[in-house]
Amino acid sequence: MKLSKIAEILGIRVDIPQEIEIVKLNTLQEAKEGELSFLENEKYIKYLPDTQASAVLISEKHIRYLPENTIPLITETPYIDLAKISRYFASPIEIDEVERVPPQIGKNCKIAKSVYIGSDVKIGNNVTILHNSYIGDRTEIGDNSIIYPNVTIYRDTKIGKDVTIHSNSVIGSDGFGFATDSQGNHIKIFQNGNVVIEDRVEIGSNVSIDRAVFNSTYIRKGARIDNLVQIGHNCDIGENVVLVSQVGIAGSTKLGKSVVVGGQAGIAGHLKIAPFSTITAKAGVSKSIKKSGKIWSGYPLFEHSHWLKLQAKISKLLKG
Amino acid sequence: MKLSKIAEILGIRVDIPQEIEIVKLNTLQEAKEGELSFLENEKYIKYLPDTQASAVLISEKHIRYLPENTIPLITETPYIDLAKISRYFASPIEIDEVERVPPQIGKNCKIAKSVYIGSDVKIGNNVTILHNSYIGDRTEIGDNSIIYPNVTIYRDTKIGKDVTIHSNSVIGSDGFGFATDSQGNHIKIFQNGNVVIEDRVEIGSNVSIDRAVFNSTYIRKGARIDNLVQIGHNCDIGENVVLVSQVGIAGSTKLGKSVVVGGQAGIAGHLKIAPFSTITAKAGVSKSIKKSGKIWSGYPLFEHSHWLKLQAKISKLLKG
Amino acid sequence: MKLSKIAEILGIRVDIPQEIEIVKLNTLQEAKEGELSFLENEKYIKYLPDTQASAVLISEKHIRYLPENTIPLITETPYIDLAKISRYFASPIEIDEVERVPPQIGKNCKIAKSVYIGSDVKIGNNVTILHNSYIGDRTEIGDNSIIYPNVTIYRDTKIGKDVTIHSNSVIGSDGFGFATDSQGNHIKIFQNGNVVIEDRVEIGSNVSIDRAVFNSTYIRKGARIDNLVQIGHNCDIGENVVLVSQVGIAGSTKLGKSVVVGGQAGIAGHLKIAPFSTITAKAGVSKSIKKSGKIWSGYPLFEHSHWLKLQAKISKLLKG
């Protein structure tokens, strides 16, 4: 989409020295040439000087931090404007009746007749897909993977080898993204990224893994995800991580290798959890964990040994 | 169903001056002429004098509060009797083979061939319904709405315009209603109401929204509901409310406009939450919130600033 | 599978006096002749002397506790070896194209055409199965039961009479079982047991009930399970138990008759909860409850009256 068209849609006046084709929306950090970014939260000002975005939605007072060649789209509501323009970058929703690129399917696959396979899907060897699962457009599924009945895999998902996904799980539904205007109305930020599931991952039943707003949500090699778990958009779930049932992980959080999270625990968004951390059941994590290999409990969160001590002290209040 | 027949089924002796056709079960407050209500919990005695119900299941000692023209069905187990009679007011479950009233479908709809459409369904213009979703009898779906794959929408659901529902969510399953007899056996209260979803609502994946026992469960305009959220029967979720992932809201609770509820928080039944309240992640709400615009945390619940202070005090116990 | 073959696969040297056919893997307590068991956790040594297993994966230092006729398969990694061999005891995953034993279906059933019925399924009289549900191989469903749309029932599930299962619930998905090697890789323990649901049970929407690793996960007569509940492998949910929405119960936990568990509460694995216990919303149970008929709250868990008192004391800290 032409940058001048974007400016026109948003009602932003801008002097574009040479017309640019904007191919994607992205964060300041990850944007490349030809991409449009935005600055809403001042804590990301630090990423402005080095951004490679071709243009940025930004308020006037911050434009001095932009690199010389980056075009500012000046607005007092960058996040709302991002939301408004995001719909133009969404993939169309295709269904049955549309002309589809036929799938590439490997050897020895067992795919039930009731399975829906979208356009341009690639399926490896020895893949099993059971009754009625939905495989969205351009999805890839590696060798030996098993998809149980009634699974929904949205478009553009990449699934590795030896992956198992249990029934009624949803991979790649929209992340929970919206901007709220001054009247309290929520404007959807279309979620144009995808989900990448690496080799040897097992995912339980009724799990929700959201697609990224831009780029990808990652589930790394060998991770184990139990039933009814929520993984927000743009999370990065490390190698061999274990998420017990009903865990919730908010958007953009990164779990290091071999992190274990107990049942019903929750982790807030935009955090980093050090490798080999254990978070016990029902804990609430609202800050990043930097030391690796520790056990953490409670909400607010304490090191497990401290939490045990604290609970002992608290229970003494009963006798006070 | 004739009132005399109801009395006969329940084994209740009653002198009916003139036969009445009972068309619906309802609460004391909401019942109209031709409807049967009940009094079990004494805190609802206050609704007896003004009820418009034609008949009420009630214990003998409370009949003096009834309006003159309301017929008492005298029983020591009004709630169990309500449960027993509720099955006679349930809609039959219809399936494929039954003769169906063909749907009315607007212009430019994309509906996958595998979608099930029940009897007498009304679908607006530009509606998209993906693979294998189930649209129950007499459901209505407004213009521009999108239903992703494997969604189940039970009978009689009303969905507005510009609504999005993500995969594997369930709208209109039975509320969790039963009466328990003296032997501990649970007797189902058939859930004969429905769900109403207003315009511009977005609902994530694996969400459960239960139908009302009588009347409707409401999701008001512009609400945003994340994945794996539970909404009990007869809730009223206000305009532009935001429910983050894994929130649970028990039956008959009313959330005012623009309430925000953080991930894994829970709200008990029969409460009212004032508009513009924010309830932070993992909080537990067991009382109504009357002041609007405040932030609340923890379980038991405190104003957020108090909760922070309290947690600081608690953590000092560790050093004591 | 021949015991000598198992030893060969695992690279274990063993002197087998007479070849044995191993028909099943099982716990020390439940194993019968012809079955292979294992000892990893020393707290189960007490079950060694009386085990009826024909052979046991066990470290050398514990073999002295074994009955004389039980053959030890000596290994320093019994649990990992159990995991490695478990895949050979898994049922094959069958789909559409395979030759199926036709189902036995009773009188007056309503089964939607889109329902998938596996091999050798037995369905009673007056059973209703709605759109697109999946009924795995060798499943049995009793009279008058209702399966709503998009339910997935894995192979070998036994469902009693008058059972209702709401949409998008999953019965019999794999339990969350794996052994972790010294490199942190997880090795799946194939879940070769099943789920048994007794008469008059009602199950909400988006519920996950895992199959047993060996033997059965039980849901006893008359239990009521609300939406989005998790029940781990090998649980035994007692008669008339009530599980409110978003409850999670970890593996091998046994709930006595008429236990009530409030919304979002969690119960750890391998516990016993006494009959008529009430566990309030959001509580966390990490120890068995031996006294029946009490109410319990909080995490850590207290008797409800103590918990209320404790919370009152804690809130006083604010004024300190």
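The chains carry the letters A, B and C, assigned in the order they are written, with residues numbered from 1 in each.
By our rule, a residue touches a chain if its C-beta (ideal position, glycine included) is under 8 Å from a C-beta of that chain, and two chains touch if they have at least 3 such contacts.
All values derive from a computational prediction rather than experimental measurement.
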{"item": "Chain-level touch network, classified as line, ring, star, complete or other", "value": "complete"}
{"item": "Fitting chain A to chain C on CA atoms, where both chains share a sequence, rotation angle to nearest 5 degrees", "value": "120"}
{"item": "Whole-Å gap between the CA centroids of chain A and chain B", "value": "31"}
{"item": "Residues of chain A engaged with two or more neighbouring chains", "value": "114, 132, 150, 168, 206, 228, 246, 264, 314"}
{"item": "Parts of chain B lying in touch with chain A, wherever the complex brings them together", "value": "110-114, 128, 130-132, 146, 148-150, 164, 166-168, 200, 202, 204-206, 222, 224, 226-228, 239-240, 242, 244-246, 257-258, 263-264, 281-282, 311, 314-315, 317-318, 320"}
{"item": "Complex contacts: residues of chain C adjacent to chain A", "value": "93, 95-97, 114, 116, 132, 134, 150, 152, 154, 168-170, 173-174, 176, 178, 180, 184-186, 188, 206-208, 210, 228, 230, 232, 246, 248, 250, 264, 266, 268, 284, 286, 299-300, 302, 306, 309-310, 313-314"}
